[in-house]
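There are two complexes below, and they share chain A, which is joined by chain B in the first and by chain C in the second.
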Partner chain A sequence: MANLTERPRHTCALGGAIATASALPGTIPVLHAPPGCASNTTWTQAGGCGLQLGGYCGGLSMPGTNMQEREVVFGGSERLQELIKNAQTVMEGDLYFVLTSCVAEVIGDDIGAIVKPFQDEGIPVIYAETGGFKGNSYTGYDLTLQSLWENFIPAAAERVPEKVNLWGIPPFFDAFWRGNLEGLRQLLRRLGLTVNTFFTAEDTLAGIREAGSASLNILVSDGYGTGAAELSRQKHGIPYVVSPLPIGPAASDEFLRSVGAALGLDRQRVETVIGEENRRYYRYLDTFVDCYNDMDLQRYAAVAGDANYAPAVTRFLADDLGWLPEVVAVSDVLTEEQERAIRQRLEKLSSGLRPKVYFTPDTSEIRRCVKEHWTTEAGAKYANKLTPAFVVGSSLERELAKDLQAGHLSVSFPVSNRAILDRGYTGYRGGLRLIEDLIGVIAVNR
Partner chain B sequence: MGKTIKQIAIYGKGGIGKSTTTSNISAALSKLGYKVMQFGCDPKADSTNTLRRGTYIPTVLDTLREKNQVKPEDVIFKGFNGVYCVEAGGPAPGVGCAGRGIITAVQLLKQLKVYDELELDVVIYDVLGDVVCGGFAVPIREGIAQHVFTVSSADFMAIYAANNLFKGIKKYSNSGGALLGGLIANSINAPYAKDIVDDFVERTATRVVEYIPRSVTVTQAELQGKTTVEAAPDSEQAKIYARLAQKVVDTTESKTPSPLEISQLREWAAKWADQLLALETGEVRGTAAGI
Partner chain C sequence: MGYFDQKEPPRREHRLQACIADGGTFSEVANRRMRCCLPDGERTFAQGNICLLLPALGIMNTIPDSVVLMHSAIGCGSSAHAGNAGVRAGNNARWGVLKDGTWLSTALTESDVICGGEGKLSAAIIEADKRFQPAVIFVVAGCVPGIIGDDIDGVSEGVQSQVAARILPVHCEGFKTKIWATSYDAVYHAIGRTLLKDAAPRAAKSSNARPVVNLFNVSSMGRPDEVELKRLLELLGLEVNIFPVFAEPAKMAQITQADLSVSTCPTHDDYLLRYLQETCGVPYILKHMPIGIANTGLWLRDVAAFFGLQEKAAAIIAREETELAAALAELTPAFAGKKVFLSAGEFRALATALLMGELGFEISGIRAFHHDEFAAPEYQKLDQAKSKDFPLNIANCQVFEEANLLKRTQPDVFLGHMNGNGTAAKLGITTSVIYNVGLQYVGYKGAYELARRLYRQLRNPGFNRNISKWTVLPYKQQWYGQYPFSHIKAAGGEVDG
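Moving on to the complex of A and B:
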């Protein structure tokens, strides 16, 4: 790996933790950090989360200890104690979630000992050790979820047979988090399941507290939130299934079948839902295919995105939409095992396409890999010119798209050129949404 | 979940005899049939030497410096009679942050979840006792050790360090941290040494778990790279260590100590200085000097 990452797509672990804690219902993040941590992550979010930021006591209004040299030298315990006390008087929360920064963890403040007296008094305070150096935003997401499972969700006496928890879609760092969670919840509900998704408007802390009675945890990610799934399996005895982020019919069919199998649901029931959803999906496409063909809306594609989006979008383009993905750049630093999982998924596209796969978080490197592929292919004898082209990536792929004279849609973090509220790309409907957005870019000047 | 593991932390001033005492406790417990792990939490990384013929083992932090992922077999090594040995290690002197190093190493071992797998009965942390920052207090936090022992001689500096440790224990005593099992009095030969230590534990509401004489047997064993328990199993000293080990492992209830305020401690020490001076100049000299 290179020593330098240019324009990376991550914050530190604390950034991911802040986003995650502030996305929980009724939750106030309480930062044990020097000045700067909150504002840095807030402005990163402002620049990359589809204009979503803050919320009640999130962003710049989040309480923080504002650690100074004094706290570093003498310890920050008292300051944090004071802050937790004061936060309760001025901020209305059902859960106060203490998150630690690098500084707090280097000096070794014992957060467990600080929050315990509050907990003993029945005040809802929990904490996660999220020192920035622990990893990137996705690590912070995982650590925060782990803390929920460890400190907030009790092990249940009984399992509810058709109840599941769903995660793997990190709030804010997947700018479509709410829409994506809702899209999958809607599908799972069609199977008759009760679904806890932690972060949507419908979720409540009371519901999350009962997550321990679920029969299955569903992780729609090869990389994000795995630690929490493992912890919940060990502590609560809840098994989990891992699925790639399902976008469009091919992936959604598979998703529903894998959940059905894991829960031992009646196959007929699952197939009926799949049949109905496909019928609906293709009914919409019926009136689109003529234009798709006549207007030459097929594209060669380069896909750049995080470990969730890069493989998921590629599969959708190749196996559902009929586009031709040539290069896939996964912009995360992953373990060998995680890389292998993603590669394997991309090696069995039913369209038979075999895009080149790169793993690099570096924006310039992504641009170089894609351009190199485009010029080599175009320069070859009997060359296939790879035009017209389209780049599905993040806002950082704007230059690449310009280089290739290609259309460009930002889907993966950072998404700074779109406003996102409840939009999502998961499930069958999400596939339709993605088609609208992709074709919308091409058709915009008509 | 397996059986409950007894986790013990041993603190004390540098050079006071923590590692010597801890290793002998580990060795003695292993002979009693316990499965023991000794976890050295001193950047010096020599805690387990006498359990492993005087050799040094790769430390958790050195391993972490080389690799991103550490496997249990990279850092856990068997020593005398099957005692598992781990050294946290630390940065080179004068650089980095040794305290954070201890946090990282202890958390890493916890994450590896090997304690259950190895079916351990006892884990003993041997910790540098001048608790200079938060990192060195990690072994006594909630969820790690339940009982703390301190090794001290009758020297004022050793007692001062013990008193500081008591302050730390007291501070977190209401929030689930470890409590004090007692003081292990090391290098106690002169009668006045015993009196000093006895007086101190009485003032601070704790107890002496065992008096360990300073003995050349310990030095001889150390020179062979062995614990006294291994090198001289039948010696009087080994018997004392065995007795100590039994008491340590039998400890089920620890207490919150009452540390002295610094002014109280000074007054207390001054009073003893006067008495010792009287001994020096008086006729009792002969018995007092018995080394």
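Moving on to the complex of A and C:
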């Protein structure tokens, strides 16, 4: 691990867990933490999650032990126990989800022993150990899902053949979480599947509790939620398939085929859906053809984003839109295996393009790498410069975009300069949304 | 030994007996001199809130030519993603450049927690110095180093000779204080012990030099508010030196040379102001907040009186008040008889309540984040100004108490802090954010701009009304029927019902 991380594009495991638990239907996150963990997460969401924060019980509404020196010295068990007990008379919740902090874990409070008497009384309380130092927000997402599989979702007696669970899109820290989940659910429904997505307006705790009867877990991420998929495979016997985040037709074709293969669906059925979706997608583009060509809307591109977005956007730009992604910066700190998986995906782009790939979370390093690649001899009369250019990244890439005199769109955390509600970039329709947003930037002064 | 000789500043629970839990009617609570929370446990049920790191970052991230190095797990300080909007806007307002703040983290892992993070911290300081070449590195401790025993002062001292930047250790261990206003002391403490320490003795001035006043802003004001106060002080013939937000490190020591320090909020600045007086002989004024029409006049009069400029001040105030009254005339009819509920830092909530009274609103409730001795004069002013009694709640956020109070008091307008308006909004109440550095609040111009916003917000409250029909708050129905302060453990055990 590096000694320092610059402007981290994450918060901690607890922050990720808070965002995840507060996105579950009817759930009250209960923080066993010092006072600031709630606000730190809230402000982080306000700053980087497409102007989305809170929900049913998020923000500063979450019960918390507000641990002080007394708890550090004498332990915080009593305080947590009192909090859970009194929460029953104040908070209306279908599930109380206790989440621990750095402080709680260092002092070693036994959360299992604290929640057990409540569970014995039939009060729906579960917990996850999400001390901030355990990892970043995406780790917290995984740990929260793991706790659901471990403590909330019973193993089912029977599998429902065409029922699947879908995850890999972390609430809030993927600012497009709801739209992305809905986009893929809509697509999978076209295959005739029943889909549990945990976090959308359609999902319910009752439905989530029955997730154990699914025949397949679909993980649309090379990095986020893998632990939960592995746990569910071992404990519930549900196999899983990993796909990159599918944005646009090329990735969505592959996504549908891989799900079809994993479930043993009739190939013709899958190909029919793929055909219909492509026809629909290109029918929309039909009316854009003239302007796209006349306005010369092809761009060189630099892409910076997390392990989901960086490869997914790059593939869309290269293989669907016909742009030229030159440099890709993946801003997560990943294992060698995860890095290799992402590299491999970017080495087999059907367009034949081979962008330079960097792995660094540091904004100034991303800026340096991209600028270095972009630099051509200044002042030459004939210079084959990488213009016109576009930067797809986080809000922190605005300074880079200024350097390159390029258009800029924020898609990966932090997304501080866009309001995101139900927008999503997944599937075929998501590709259309992304085109609208990219071209909207270019055409803004038209 | 003075406070500034210690590594860490004292927490405000001890230094000021500040507290965070009380509730009752305004008259009752104000008159029992606010003895409130027990020192150890203040509520039997509580919600998460804010720690001192958040406001401390609000100052540090603005400092030009600085980097903020968090020594903690990777999450501590990620609130800077929100603060960065203010940094960008602040840079733009002052220098015409949209520039991000720079914050860094040692991102302590599980193995760092076990083995200690001091080695990582010293390497990170050296790397930060090399990579960013800042004038100042704030080395900020979160909770983890406070528990595992990493010594940020020792590490900083150890590597200071190896780096060009000045290292400022700042203590923001969230579990060490309930009073997040301790954050201002933490940042002032760090600046005092480093950048102000070697300041030259206060030099004698030529008699025809304009008097210089330090005007303190810990980021509770945006640039438009600074401009308004600067305008008023310059009308008195004073030169204004704004500190500490957006102040260049190399020029910070200038505050030791000023003729007077003026606070805009006693909650923020007493710690440094006393230090400047004791060590540098700079006298200070720490009394009124220039929010509200009368308050702005009082604030300006105090400054003027110090320099013997009372008559000049009286003339300025008379002119400003006349001009403002004329401008407000078309807005205030819309406010008559409307009930307002306010929630913010203690001083700001009270001062803004006085302004709301001046605009014609009736106060239906006040919530203050904490209580300390500085607010006593504001309570007196409000006690005299109010037409009827209303609930007062001392609460470090604790939105469940707020939801209960809002159901009871049914205000027309709610003025809440950043990320503190959602509950009122979901109840369908018109809201107006009481603190947002992009907006104007302070002085005569601020009073007008707040009135103008309220006028607009009340003209179409549709967004919140519609939201309220389709969203629910996470509280049990039975809670709304309970006494709102029933979870407060008060000193002596009594809470009047």
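Note that the second predicted complex is superposed on the first by the 436 of 446 C-alpha atoms of A that agree within 3 Å, B and C clash if a C-alpha of one lies under 4 Å from a C-alpha of the other, contacts with A are read in each partner's own complex, and residues count from 1 in each chain.
Here is the rule we go by: a contact is a pair of C-beta atoms (placed from the backbone, for glycine too) under 8 Å apart; a residue touches a chain by one contact, two chains touch by 3 or more.
Treat the numbers as computed from the prediction; the structure is a model and nothing was measured.
J.: Superposed on chain A, are chain B and chain C clashing or fitting side by side?
T.: They fit side by side.
J.: Check whether chain B or chain C contacts more residues of chain A in the superposed model.
T.: C
J.: Identify the partner contact of A:75: answer first if only chain B is touched, second if only chain C is, both if each is, neither if none is.
T.: In the superposition, A:75 touches chain B alone.
J.: Given the touch rule stated above, what does A:116 touch, chain B (first), chain C (second), both, or neither?
T.: The first partner, chain B, only.
J.: After the superposition on A, what does A:282 contact: first (chain B), second (chain C), both or neither?
T.: neither
J.: Quick check for you: in the superposed arrangement, does A:107 touch first (chain B), second (chain C), both or neither?
T.: So A:107 meets both chain B and chain C here.
J.: Using the superposition on chain A described above, determine whether A:396 touches chain B (first), chain C (second), both, or neither.
T.: Second partner only, chain C.
J.: If we overlay the two complexes on their shared chain A, which of chain B and chain C does A:87 touch? Say first, second, both or neither.
T.: Only chain C is touched by A:87; chain B is not.
J.: Taking the superposed arrangement, what is the smallest distance in Å from a C-alpha atom of chain B to one of chain C?
T.: Taking the overlay as described at the top, chain B lies 5 Å from chain C at its nearest C-alpha.
J.: Would you mind listing the overlap between the chain B footprint and the chain C footprint on chain A?
T.: Overlap of chain B and chain C footprints on chain A: residues 106-107.
J.: Residues of chain A touching chain B in their complex?
T.: Residues of chain A touching chain B: 75, 105-110, 112-114, 116-117.
J.: Under the stated contact criterion, what part of chain A meets chain C in this complex?
T.: 1-8, 10-15, 28, 31, 33-44, 46-48, 53-54, 56-57, 59-72, 79, 82-83, 86-87, 89-93, 101-103, 106-107, 131-137, 363-364, 396, 398-399, 414, 416
J.: Once bound in the complex, which stretches of chain B touch chain A?
T.: Going by the criterion above, the answer is residues 97, 99-100, 103, 133-135, 137-138, 141-143, 172, 174-177.
J.: Please give the residue numbers of chain C that touch chain A in the complex, ascending.
T.: Listed in rising order, the residues are 40-41, 44-54, 69, 72-85, 98-100, 102-110, 112-113, 120, 123-124, 127-128, 131-132, 143-144, 147-148, 174-178, 180, 396-397, 399-400, 418-420, 422-423, 472-479, 482, 487.
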